[in-house]
Each structure stands twice: as C-alpha cells, then as structure tokens.
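Chain IDs A, B and C follow the sequence of writing; residue 1 opens each chain.
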Amino acid sequence: MTAPLLEVHDLNVDIPMPHARLHAVRGISLSIGGGEAVGLVGESGSGKSLTLRALLGLLPRPARIASGTILIDGQDVTGLPAHRLRHLLTDTMSMVFQDSLTALNPVMRVGDQIAEGPRRKLGRSRAAAHATAVELMAKVGIPDPERRYAHYPHELSGGMRQRICIAIALSTEPRLILADEPTTALDVTIQARVLDVLGRLRREEHVGLLLVSHDLAVVGQTCSRLYVMYAGKVVESGQLVDLVTEPRHPYTFSLLRSVPDPDRRVDRLLSIPGQPPDLSTTVVGCSFAPRCPFVVDACREREPELLDIGGRDSACLRIDTAEHWTDMVAAEGVR
Amino acid sequence: MTAMALDPLEPAEESSVVVRSSRGRWNATLISGLVLFGLIVLAAVCAPLLTSYDPIVQNLGQAFLAPGSPGHLLGTDSFGRDVLARLLYGGRTDLEVGVFAVVSPFVIGSVVGLVAGWFGGWLDTIIGRIVDIVIAFPFLVLVIALVFAMGPGTTSIYTAITLVGWVAYCRIVRGQVLVAKEQEYAMAARASGLPTWRILLRHLLPNVILQAFVYSMSDIVLTLLAIVTLGFLGLGVPPPNPDWGTMIQDGQQFILTKWYLTTIPGIAVVLVGIALALIADGIVDRTNR
Amino acid sequence: MRYVVYILRRLVSLIPVLLGISLIVFFLIRLIPGDPAATLLGTHATPTAIRELRDQLGLNRPLWSQYLTFLGRLIHGNLGFSYFYDVSVTSLIGTSLPVTLWLLVAGVVCTIVIAVPLAVLAAARRGGIADNIIRAVPVAGLGLPVFWVGIMLILIFGLKLHWVPVAGFGNSFPQHVRSIILPGITIALTLAPILIRSLRASMIEVLGSDFIVTAQAKGISTARVVLGHALRNAAISSVTVLGVNIAYLTGSTLVVERVYSLPGIGQQMINSILSRDFPTVQGITLVFAILVVIVNLLTDVTHAALDPRVKLA
C-alpha cells in the first residue's frame, strides 16, 4: 500500500502576539490519499484555515509552526529549509481562497495570472502557457475563454473569479488542492456550480481535495471523508456517511442539529450556545465542555484523547452514550 | 520645496524609527525629537549666554580662523565674525520666523477647510477651485514672487507664506471634516439643534485638527527651508542680521578652503529637520498606539 | 485613443484653474506700489515710455478690461517684453525652458533609481537592519535644504574628486548629460525620502494581501512575487505621491539651477528678480504654474495607465 499523499502528525501552530501567545492549532493529525476528497469542518477560529496555510508553508506573519511533522509521499519534509520546503510543497499542492477578489492581482489580466504558474514554475514558453491557461479556463467552465483571458478581476462576477482561482490552483499541476471556504462568499446557485467544478476536476484529473468549510452542506456535497475541528484540535474524523448518520462527538452532533433540514419538523432552529474558547489560554479538560449538552464532571478534568473507535476517531469521554444522544436532547428540551 | 505637503503619513502599526517602543504616550521617537528640538531652541534663545561675541560686528583682523581656534569653537567667517555666534543668533531669527510663520497658514487654512468641508455645496466648490489654483504654483516660486513684489523684509515673508501655505491645511482639515461629518457624534450634535459655530468649534474641531497639527511639524521645517532659501538668494531677512541661509551663501565663495563656513549652517538646518520629523512621527505613533 | 479623450476632458476641466492662474499672475504686478507701467519698464522708465506703455496695456481702462487684454495677449503667446534683456519674454523662456526640463527629468529618474530599490528592500525585509536604516532616511531627509545639498555635492564630487563639471550645461548632448547628473541627484536626495516612505508603506500593505499568497502558492520565485506582483500594485499609489511632489519640487529648480549655474528658467527668474525685470518674473511665474498643471495631468494619466480599475470615462 503506497504512502498517503499527505500526512500531518501533531501539528502545532502558534501566533505570538504582544499580549499573549495564541495556540491556534493544537496537535492535529491528518492523512489524505491521492485523489481523495476530504473535508475539514469547524467554526471560525477553530484553526482550520491556519492549518491549510501551514501546509503550504505560507503562514501569515507572525504565525509559525511550533512543532509537528509533514510528510509528502511518506517523506518527512518538515526539516527542510523554508525555501526548499515551499518549493516542494507548492509542487504538490495549491490553494483556493475564500475571497476571490482579494486573491487575484487587481492589475494583472486573469489569463496571465493563470499562465504564470506554467510559465515560471513549469518553464513553458509564453505561447504554451497561454494555451494552457485557455485550456484550464475552459475546464473550469468559463465560457469564451480566449476573450476572457484579457479581462481584469474586477470585470468578472464572483463565481467567475472563483473559477479563475481554481484554474490558477490547477495551473501548477498539483496533486492536491487546498480549498479554504471557496464558496462562502458566493450565493447558493453559484456555490453549487463551483462545487460541481471541483467535483468534476477531482474525478477527471484525479486531483485530491482538502476542503475547509464551516458549512456542512458544502462539505457533504463534495467530500467522502471528514475531519471535525474545534478549538485547534481534531475532535472527530471518519467517513462522511458515518459522521452524518451517527455522529460520535457532541460537537459534530450539535453541528448537524443546527443545520435546518426541510424533512424534519422542528419547533425552532437550534444553534450551539456559548463561544469558542480563548486560544491564548491552556484549557483544562475538554475544550467543548462549556457548550456540550452531554457534559459531566469528568469532562472538565481530563482532556479526552482522539481514539480509534473502529474505522473512525473521536475525542469524547461520553462516546458510549452516543446512540442515545438524540433522545437525551429531546428529553431535556431545548439545549 | 513643500514636498511632503499632501502625502499620507505612514500607516501606524509601525513602531518608531530604530527603537521598537512605540506604545504609550511618550515613545522614544517623540521624546528624542522633543529633546533635540528643545536643545536647539534653548541654544538659540540663550544665545547671549552661550557666546559673548556679537554676530554682526565685523572684525577683519580675525577673519578666517579655523574651527577649534582659541575662543572660536567653530571658527570665524570672512568678516571675522564668530561662526558659533552667527549660528546661534541666526538660529534665533530663522526659528522664530519658521515657527511663527506657520501659525497663520495653520489657523486660516484650518478654518477655511472646516467651513468648506462642513457646508459643502458651492462654497466648497469655490474654495476647492481657489485651492487648485494656488497649488498650481510651486511653493517657492510663488513665495519668492510675492516677496519680490512686496519688497524684502520679515513682514513680506510672513505675508507671502501665509498666502501660499494655507492651502495644505485647508485640504487636510477638509478631508478630515468630510469623514467626521458622517460620524455619530457629528450627527448627534447637528440633531441637537446647537448653533453651527458651536458644533464646529467645540465638537468637530478637536477631532479633525490632529492631522493638521502633525503636518504643521513638517511645515515648520518646510517654512524654515523656505526662509533659509530666501536668505541664500538674498531675498530673506536683510543683512547684516545673521541667518543660516545667508551664512551658506557667504561661505559659498570660499568653499574649497573654508568649507566649514557653508557646511555648518546646513547641518544646523538638517538637525532641526530631524528633530521635527521625529516629533511628527512620534505623534503619529502615539495616536495609533 | 481613450487616453486622448481623457486628456482632452481633463484639459477642459482645467480651464477654470488656468484662468485663475492667469488672474493671480495678472495681479502680481499690481501688488507693487506705484505705477505698473513704470515697474515694467524699470530703468527704462521715461515719462514718454510710461505713457506709451500705459496706452498699450490699457492701464487707463477698468481693471476687468485690462485683464481681458492681458488674457488675450497670453493666448497669443505674448508674455510681454523684457526691457532689461531687450527681447520678448517668450523667447527668453524659450531658450531656458529646455534646460529646466532636462533637470526635472534627470531629477525624477535619479529619484526613482534611488528610492525604488531602497523602498522595496525595506519592505521585503521589514523589521531588519536594512529596513531600520532605510526608515531613518526620510527623517533625516525632510530637513535637507536643496541648495545646501547641491553645494555639498559640488564640493565632494566636483571640486575634490573632479568627476563632473561644477557649472553650466555644456554644449553637446554628452556634456548635457554629464552636467545634469549631479543636479539630478541633488533633487533626488530631497525627493527620494518622500518616495521611499510612501512606496515602502504601500509595499508593506500590498505584501499583506491575499493575492501575494496566491502568487507565492504558485511556487514562483520570491523576487518575481515582490517585483512583478507587489511592486506593480504598490507603485500605483506612489505614482500619485511622486507626481504631487514633483509639482511642488519644480520650485526647487530655482535654487538648484542657481547653485549649478544651469541656464534654466529658475536661474532666469532669480536673475530677473535681482535686476528688477518684472515682465520676465511674471512670465516665468506663469510658466511654472503651467508646468505644474502639466505634471499633475501626466501623473493622472500615468496612474490611469497603471491601474486598470480607474475608469477613464
């Protein structure tokens, strides 16, 4: 069995600030195989975006990787000097950002921005790079790509721009695309189209996808496997189907309940009460305890480890009660 | 010469020059600037105490003494006048005019800007046009032309600088007012039915004046430069009153051998410039904590 | 083609400003106490000459009528007659303006050559030693008297080292270039600090943008990211700052030309002031203002050319 494309072990990302040190990513581990579509779900502030940036070696100042290992094709790359590391990482992966307007150079034609990767990194000639760009634009579903090549970002709609960003991500022939909330800024119909493009590309080009989102619906549409993050940690992971039908962590459970389901009649929309914890302090016990509907005293004393519960992982002391969670919540009324 | 006039100051998450201590009311930049400026002003004000020489009286027998000669720390010029004395007394003249010449452009420009920004409409358009016209003339050219027209002397200098210099303040304050107008406190004041002049003076002014004040620091330098330049061209404070500009001009002919006659006054000007730039930066750092 | 239309539109909107400039210049002479005609004639003022000139200028007519005459003559390119030099002001300006233009171009070129690398370096290595040193430059540079800098440069490079001529403009193209280097650098030393400060700030802001990360994620070299992506964007706002300051700095040509004995309009203006040749002073003041207006227009056009988001309509 070949090594997974990307492996991350115990990654820690710190942000030293003047008044405190934010421990934003607290020892997470991931694994993605070639051609897989994996989702990374969590609220804002859960550390998911920083994880992506760390994977490319592009953490914004002053954030930095405090510890952890990153393996590409089974090879440990963490020790490499920054320059080489970034070179290697960008060979394998590329990224799509949430805000396509700020992610694009406003004074450069969109076609040129797509062609830049092939031209500069892959060493193609100007004409060949141009042709590649047009080809990619067609692949991501942009009509009339030859003409659109010369347009500037502000002249395109949000959905088009996001597709340009995807084309840019594809231009360096990556094996894995990291997508950070790629559809959050788009409205629902466009969202569906962009996700469609991503899905199609994955199947046709065999490019892997690591999709970060706070929106379960988005992740549900594209990914087969899921990691759920809370307060800088992975609290549950496994096959999408399993997580959605039988969540084994209260956070996942609460997330699912807060998504309005047209088939299920509810008296009111539930949201998860409370706030995510302050990442500058070390939390004693489980970070989700203050907001957890199933919390017991033990949860506040010991931090639950991420345990393999048969093909999937969960970090909760109350896993054994998981089958009854729906009933427990209904019995307690609104919680 | 009034470069810097309208360029936005540095974004302030920066810490101060060289020393990373921009937090707090008194940061290193502000302090060093104030100290330097204070020393210079002190030296100029205390000129009679610091030197017993008369900066004007000629003493040809003592001409061209090198710096470090007994009794003459910085030497003497072509007329035997002590350079240090001329430097100090010249500083008096230049600094005095430099600082005070900024006051009326500041006041007039700010008031006009306040009014233009607040009332808007045709008043703003007209004032805007006038500003455009005045700004079309290079600062120095217009000042020189005006001084020329009005005759040499300190009054002409003050008048010329006022006539030309108010526009920068007008623009700055107007810009600030346009922003402040939309703020809640301004709208609240308007709604409360207070008389307009009261709103402008008591509520708006304190909030919009900061940028203008910071600019005035660099404006003092620019005005100083203008005065020194006028002196250099022979259009400034009439001789034999000492002035850094005329000192530089006088020393020019002897540049090969007595280069210090020209260099020293120039360094004095540069020092004042550094001091005021530090103060301006310090204020910016402080307000943007 | 769009640019031509843009420029024409701008020129049209500038008409009020141009009129205002002419108004100020018109009134300049009337600030001087005494008879304007006598002032204009200077030492050539005889009662007959004065009477003739008064007729010619229509000084006996109401002020607005005088202004219209003045304006009329201006439009025909008639800037008056220099009684001191015994030639038309227009021809005086015609011979000296090119020198000043050389100086301005040299100044801008030197400024860009000095300021851009320093600003980019400071921004790219922010917080480092280079950055701190470079940041100190604008602080020291604010108070540099242009003419003093010129004298110091002449002292070092001209008189002590004999690298460049210290006066005059020369008679041939190569001589022109040699003569204009030091003056250009002099101007640059006063203009560069401002550009450094502004460009560095823009670069830092741009370097924090998302599209820089996108560019980096493509795996292209850091140099290309900094120069091709960051600088191209940062330059846009700095062009405006540079343009505004060039406009202001055209005034410093006065002293630079004096210090370096360059026969440009600045030098001419000072000579005319010292010889009380008022028509020339008036004419040159006007030309300076027009120069500034043109520089501002060029700045706007350059800005529009660099930034595709600017609507030329």
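Please note the rule applied: a contact is a pair of C-beta atoms (placed from the backbone, for glycine too) under 8 Å apart; a residue touches a chain by one contact, two chains touch by 3 or more.
Quick caveat, the model's predicted, so the values are computed rather than measured.
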Contact distance in steps, from chain A to chain B: 2
Winner on C-beta contact pairs when B-C is weighed against A-C: B-C
Whole-Å gap between the CA centroids of chain A and chain B: 55
Distance between chain centroids, defined by C-alpha means - chain B, chain C (Å): 21
Separation of mean Cα positions, chain C and chain A [Å, integer]: 54
Residues of chain C engaged with two or more neighbouring chains: none
Of all residues in chain C, those that touch chain A in their complex: 208-211, 213-221, 224, 229, 232-233, 236, 306-309
For the chain B and chain C complex, residues of the former touching the latter: 1-8, 10-11, 14, 17-18, 129-130, 132-142, 144-146, 148-150, 218, 221, 224-225, 228-229, 232-235, 245, 248, 252, 255-256, 259, 262-263, 265-266, 269-274, 276-278, 281
Touch list for chain A against partner chain C, complex: 53, 56, 58, 60, 86-87, 90-91, 94-95, 97, 99, 102-108, 113, 116-117, 120-121, 152, 154, 165, 168-169, 171-172
Interfacial residue positions of chain C with respect to chain B in the complex: 16-17, 20-21, 23-24, 28-29, 31-32, 132, 135-136, 138-149, 151-152, 154-155, 159, 190-191, 194, 197-198, 201, 204-205, 241, 244-245, 247-252, 254-255, 258, 269-270, 273-274, 281, 284-285, 288-289, 292-293, 296
